[in-house]
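Mind having a look at this structure? Questions to follow.
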Amino acid sequence: MTFALLLLIPLAASGLTAISRERRAMEAIHLLSALGGFAAAVLLAGEVLSRGTTSCWSGFLYADSLSALVVLLGSFVYLACAPYAIGYFRTDEANQVFGTEENPHEHLAKLRKYFTLTPLFAFSMSLVAVAGNLGVMWVAVEGTTLASIFLVTFYGRPTSLEAAWKYAMIAGVGLSMALFGTILVYYAAQHSTGGESLSALNWAVLVGGAARFDRTVTRLAFILVLLGYGAKAGIAPMHTWKPDAYSEAPVPVAALMAVSVLNCALYALARFYVLTVNCLGPAFPSQLLILFGLLSIGIAAPFILVQRNYRRLLAYSSIDQGGIMVLGLGFGGVLGPLGMLLHMTFHSVTKPLLFFCAGNAQQQTGNDSLKKTAGGLLHALPVSAPMFLMATLAITGTPPFSMFQSEFTVMRAGFAGQHEGMAILFVALLVAIFAGFFYHIAQLVLGPASGPPQRETCRWKTYPVVALSVLVVVMGFWLPAPVYALVEGAARIVTSTPAVHP
Amino acid sequence: MYFWQDPQFGDRMITLMAAFVLVLQITMVAQRWLITNIRAFAVQSLLLAGIANTVAYFNHAPHIYAAAALTLVLKAILLPVFLRRLVARIEIRQEIEPLVNVPLSVIISGLLTMLAYVVAEPLRAASGPGDSAALGHNTLPVAIALFLIGFFMMVSRRKALTQVLALLSLENGLFLAAISLTYGMPLIIELGIFFDVLVAVMILAILVYRIRETFDSMDVSRLSRLKG
Amino acid sequence: MIERFVSVIGQAAMVLLFSPLIAGLGKALKARLQTRRGPGVLQPYRDLYKLLRKGMVIPDTASWIFPLTPFVLFSTTLLAGLLIPAVSAQAPLSLFGGVLAVVYLLALGRFFLALGGLDAGTPFGGLGSSREMTISAIAEPALMLAVFTVALGAGSTNLSSMAKAAVGQSWHFLAPSQMLAFAALFIVLIAETGRIPVDNPATHLELTMIHEAMILEYSGPYLALIEWSAAMKQMVLMTLLINVFFPYGLSADASPLGMTVSILLFAAKLAALASAVVLVETANAKLRLFRVPELLAVAFVLSALALISTFLFGSRG
Amino acid sequence: MWPLRELYSAGLGAFALGIAGGIAAHFGLRSAQRISSLFSVFALIGSLLEGAAAVGGLRSGGAILWAVPSGVPYLTYVVRLDALSSFFVLTLALVGAGVAVYSAGYGKHGAAAKNPALFGALLNLLLAAITLVFTAGDVMFFLIAWEAMVAAAYFLVVTDHEQAESRNGGMLYILMSRAGTGMLFVGFLLLAAPAGSTDFRALHFTGQHLPGGFGSLAFLLLFLGFGVKAGIIPLHIWLPAAHPVAPSNISALMSGIMIKAGIYGMARVFFDFYGALPVWAGMIVLLVGVISALLGVLYALMEHDLKRLLAYHSIENIGIILMGFGAAMLFRSYGHPDLAALALIAGLFHTLNHAIFKSLLFLGAGSVLHATHTRNMEEMGGLIRRMPATALYFLIGAVAISGLPPLNGFVSEWLTYQALLGGFGATTEIARVAFPIAGALLALTAALAAACFVKAFGIAFLALPRSASAAQARETAPAMRAGMAMLALCCVLLGLGATWFLPVFDPITNQAFGIAAGHRLVSGNGAILSAGSAASGTVSTLMLAVTLVALSALPLIIWLIWGRRGRSVTGPTWDCGLPGLTSENEYTATAFSKPLRMIFSVLFRPRREIQAEYEISPYYPKAIHFESEIEPTFEKNVYEPLKDGILRVARRVRWIQAGSLHAYLAYIFVTLILLLLFAVRG
């Protein structure tokens, strides 16, 4: 039932917007679907918390704490983006980004594209998390790519076309690698359990039989899956599409991709990680994960230091964040996965805030270049600009904001797992990233006013910012117990320690 | 018993067809005419359908017939036709000089094939030889080779359309792997994959068309405005 | 208790009354060495008496720092004089502070003197203060290190115990560390009391003068107090030098005979040291201001050597 | 029983009210305007309550106040008020109270006036954060409080963010702090990894048992990490950049108490987390102390920006404190707990004293800045007549910081000397020489500090006004004077009453070395301070002061005997007979420091340009333009190259993302090949 709600609401929304002729109608449907989706996600989380796992259609759809967490976060971001998107596109229309007022029909077409494709995107994201079958999961991940390509080309600029092409190609290659990996796992499963059937790829079955998998096949499979879903998550060196796509897509899309795509890809990776650990033990996957995690952070750092465009800056930041999560997974132990999933949670709340502030800044100044903008944004955006600075502190893991807790947990995992050298390198890179990030944003926000002081008019754009800011501050000191329970349960699944149920 | 019931014969057939598939892949690397590439891809897909049929026949796995049929319809007929239309629309016949020249590309393809064998070796060892379940397992190296060579084509070719073709041939490698290793993924998943491929090709085609319009060229290496 | 009080009064009186005599002695001897007749030995007393009776002009640019300075200077110097053993090994107020207190009391006086120099706002005053603070600052490490060297031997910074420790051992001043420390302190003495080759008390030439420049604006009783303090400071430092290195004859008991003997000895030692200073003064020419640091560097090196030699030659102190 | 928790919580509550009121008012809550205007009152009440709590903590020797669980198991808000924490909280209380009173008058001036609500909130936040830093009992909570402090201070520094100077100062500050925090992360985690817990009590005396080189590594990282905050050389460069540009009451808080957070951290690590450390550790701390003290005062001497000058003096005094700490560590390594206790007391007491007179001086500088609108000493002068009260308080601060008797600075420096002196007998060869040499250099430092403050006070307050604004200066608001008066009084009391204060250190030394050394330093009738047996020597500031007053009566008497006949007149300044003394021919600050600039030219590398324009002959110059500057050694030779190097590398790396899809695909391809080979091999 809950599954049905979760999956059907976005599909329905997409269908309705496709046929609706009225802008307000589209916006209304969009908002409602976002609310409904979030409600469904909360329901699912509730069921999982009470019953441990839930599934239907003979395990075709399956949800444990891990999937529930990912679904919850995804639908939360979707919910946060919905009102912002309304304000964002209205402003675009006002600034005549879609061309002049002559052809309102064209505007509608543009908007419909967004309001139709985004729910599909949301649908496939939810499917990724609740698919009990790794093959279906792959199909769903591919679905997210297909749904988002045309969102990247939204503005139809040559550059957005370029970004979309690169995105499509890299994601395509990556996902074929992931598929290859999935096939190999299926082969291994068949070989150990015998009998080719749909259920052979079901998580519940696989995790049981993983210990008997053929080791060589599993190694190969893990490598392919790591590269494949890594490309989707934007782990270096498969990260190259990210800055282009994020800086070209409309801000709400960028926010959705930066959080949900990352979450989904890492979710998939985590599933295969568990299988691999059950078969090979932690050593082999850990060294690869640590390598790629540090590589991502290390690649992100210099680009953040000498960045010229603040939306690309955000993209590199999310490469860095992805790296941190992968690193946490790699450090392993009890703390590593916990740190990773906490980081995923906190990141899903903080990153949209950054994107919204950046979007407001861009629509205010008309460009997203750090060089062209004189600074003193504080006077033009009395609400968003200071929040931009605060969010910067939050995303760079500055206490008292919550991402410090998760990063600290990852560090602890590193030291607990005798990876001192790696952990120290990690800390050093974090400092460098903070330096670049904070320097650029402070230059942008502070300084003398360039024009007369203004007020932020569009409430659709400021309220989400304020709401998220409050949430970010609160989370720094207090995390709702159910959410933490969900995270911890998820961490248990990843560390494959048996969960204790009340 | 008749020879067409002899697993050995089936094994031979499969190996033969797999070899042809590999040859076709290398042909695609070697020459530069778009149309020929598309034709090669069509034939390749046809052979894959053949392999699938054989496996289905000898292993009495009906759902693989479905996969074979899908391959035949989709990859061997629909997509080639569609792509030729596209080529006709955008009036580009020949691949401009690839980043890696042809002789070198062929050599590299050879090396990749060897790598594929090296990688596949332990897996063949894993599945005990001789038993009928092992039917067609020896095509796994071919599958990996298809994958790697296709990947290499994506790296070395400049035309957007050729990259699409390369991606498709890479997918063929996966299909071959699926067939030869696991006698096909569960049908529902196969369907999903085929659906995805179809949609992907549509989208990519649209992108190709747009690129052609916007940059009035299909040279991907011109798409380098976004830096840093 | 009562004899403690007596000793305080006694030493205060001695410092107050003898210090001008030492200054006069120096001047007279110097004149003789330069084959002049020069003023009498008692000339400083006459000067002080005259100045005290005169009226004075307070610059209208000066603030309350200006009148405050002479009093601070006077009392700090006198107090320093009460912390060091002069005739008796037991300095009257020895408990109130050791050698560090002496150094820092003098520093306090100097601090205010320099402010007084700046207060009137004349370029000469500023020049004087600047140079005074500079030279005293770079003289400090040598002074401290030498003092430490001696204190280490005695295991205390308390001057009385230092003196007593020194009394204990015979020919103790021949220890290399003692000699070196003495040499260092002698240089510091010259710098601190503003004698040639560091400063020339007899000149008012702006290129050379240091101490005199600070007090140009003072006149009458204030000037008297400052001059008197200068004389007392000189005596204090000399006493310090003498009784730390050559404490012979410091009376342990307060018997009249012992007192008189030690007073005479003390006077003799002072006279000797004063004449040594005068000899140096007449034998040398004044150094350029920026050559002075080199001289004080020598002093620092000497005291460092003294320190090292304390355990190099094993003789503790 | 002292109501510790209640007092402590109430204090934090007061701060919280200040924060909440300010924020509410900032976001336009009309009714909160009144509350936010009272921010200094909250700060005052909070400081006083915390002070009371600290006194209790010192008496009871420490207790857990709270252990509040957060939503997550790995983070508990443990608040602990042991002797060390209490001492630092006490310091905070004294400084905070003075600054709060001062701010009541100051709030309406300067950049803070643009947004008083937010300013008040941040000021209270800073105080609260520092309190938590001093009392946090868990690594993670400590780091949270620590960074909250950094952030609050940053936003206070950039209060005037329209000025590029304050933007850059703030940026340098927060970047270096973050680098320091990074070191702290690693250091703490190295300590906590074997202990398996992040609670401070679990870390007690665990440091030296760490496996391998980790003990030393953690020690160095923690020392450097806290050193950034304390402003040790060569990690000091943010300090003279950030402190001057902040509003003056904030500068007072930063220099007075915030950098002491670094000292607190060091004390916590050196004497609580670590037992006896190897000798080299103590030597490093001692050496860094000496260098910071000497270079700090030398750079201060070259400054003519009053607030930068004070900032450099903070570096100097941190150095003096570290001399005490280093000596204490060495003594513990050599097994002399009594001397170690003496040295530790010297360091901690100087921490308190510096906190008080430095904030006093910064507040004074703030009044001057507010009266003359300039920080450049060359444009001040003659203020003693226009702002007599400020001048008096500044003079007291100047005497105290120069370590002159009988004020508090003298006492702590005296203790430091005695400790260093004790080192000679107590240690072996290298340390043996190092101790007296350090003492001598401490003497040099103190003397140079005196010179510097003769300059500061003499040029800024004495003689003739050097600019129109200085001529029209007005005495500051009563509240501001009251704040300074409180701190000045503390200087005097802690100087004269040192012997009655010292027992405060008993629980601390007891905690660290197992001996309550504080009261042992008091001998005789209670007014005499003695350095104990090992390095004997006595001093009594109180008696010295009394005798000084008594003796200064003597010249009066003498004068009354003879001098009555001469009458004193106030006349034009003689100035060697040169007519018409004007402010142009006064001695300038530059000229005052000239001799030292020449003597230490090796360090300063001064550059001077003199351009003279002549009309008739070279003997009649029309105008002479003189320009002199010294080379900022560390900025130019260490930090600039470092920054440039990093950025150059970063720019090089950018070619990875050159826009070519083929390159991007190639990365993946190569990675795949390599990993396949790796998989096959393994």
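Each chain gets a letter, A, B, C and D, in the order it is written, and its residues are counted from 1.
The rule is simple: a residue touches a chain if its C-beta (ideal position, glycine included) is under 8 Å from a C-beta of that chain, and two chains touch if they have at least 3 such contacts.
Remember, predicted model here, so these are calculated numbers, not experimental data.
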Neighbouring chains shared between chain B and chain C, ordered by label: D
Identifier of the chain whose CA centre is least distant from the whole-structure CA centre: D
Most distant chain from chain D by Cα centroid: B
Chain pair with the most C-beta contacts: C-D
Inter-chain centre distance, chain A versus chain C - centres from mean C-alpha coordinates, in Å: 79
Where chain A and chain B are represented by their mean Cα positions, the distance between them in whole Å: 32
Whole-Å gap between the CA centroids of chain C and chain D: 35
Centre distance in Å when chain A and chain D are each reduced to the mean of their C-alpha atoms: 44
Chain A: positions in contact with at least two other chains: 165-166, 169, 173, 216, 220, 243, 303, 306
Residues of chain C touching at least two other chains: none
Multi-chain contact sites of chain B, meaning residues that touch two or more partners: 119, 122, 151, 154, 220, 223-226, 228
All pairs of touching chains, each written as two labels joined by a dash: A-B, A-D, B-D, C-D
Chain D partner contacts - residues on chain A that touch it in the complex: 165-166, 169-170, 173-174, 177, 216, 219-220, 223, 226-227, 231, 237-238, 240-241, 243, 284, 288, 299, 301-303, 305-306, 342, 376, 378, 393, 398-400, 404-405, 408-409, 411-412, 415-416, 420, 423-424, 427-428, 430-432, 434-435, 438-439, 442-443, 446-448, 477-481, 484
Partner chain D, residues of chain C touching it in the complex: 12, 49, 52-65, 70-72, 74-76, 78-79, 82, 93-98, 100-101, 103-105, 107-108, 110-111, 114-115, 118-127, 129-131, 133-134, 136-138, 140-145, 148-149, 151-152, 155-158, 161, 216-217, 220-221, 225, 289-290, 293, 300, 303-304, 307-308, 311
Parts of chain D lying in touch with chain B, wherever the complex brings them together: 654, 657-662, 665-666, 669, 672-673, 676-677, 679-680
Of all residues in chain B, those that touch chain D in their complex: 99, 115, 118-119, 121-122, 148, 151-152, 154-156, 158, 220-221, 223-228
Parts of chain D lying in touch with chain C, wherever the complex brings them together: 381-382, 384-385, 399, 402-405, 410, 414, 417-418, 421, 424-425, 432-433, 436-437, 439-444, 446-448, 450-451, 453-455, 457-459, 462-464, 524, 528, 531, 535-540, 543-544, 547-549, 551-552, 554-556, 558-559, 562-563, 565-576, 581, 583, 585-587, 591-596, 598-599
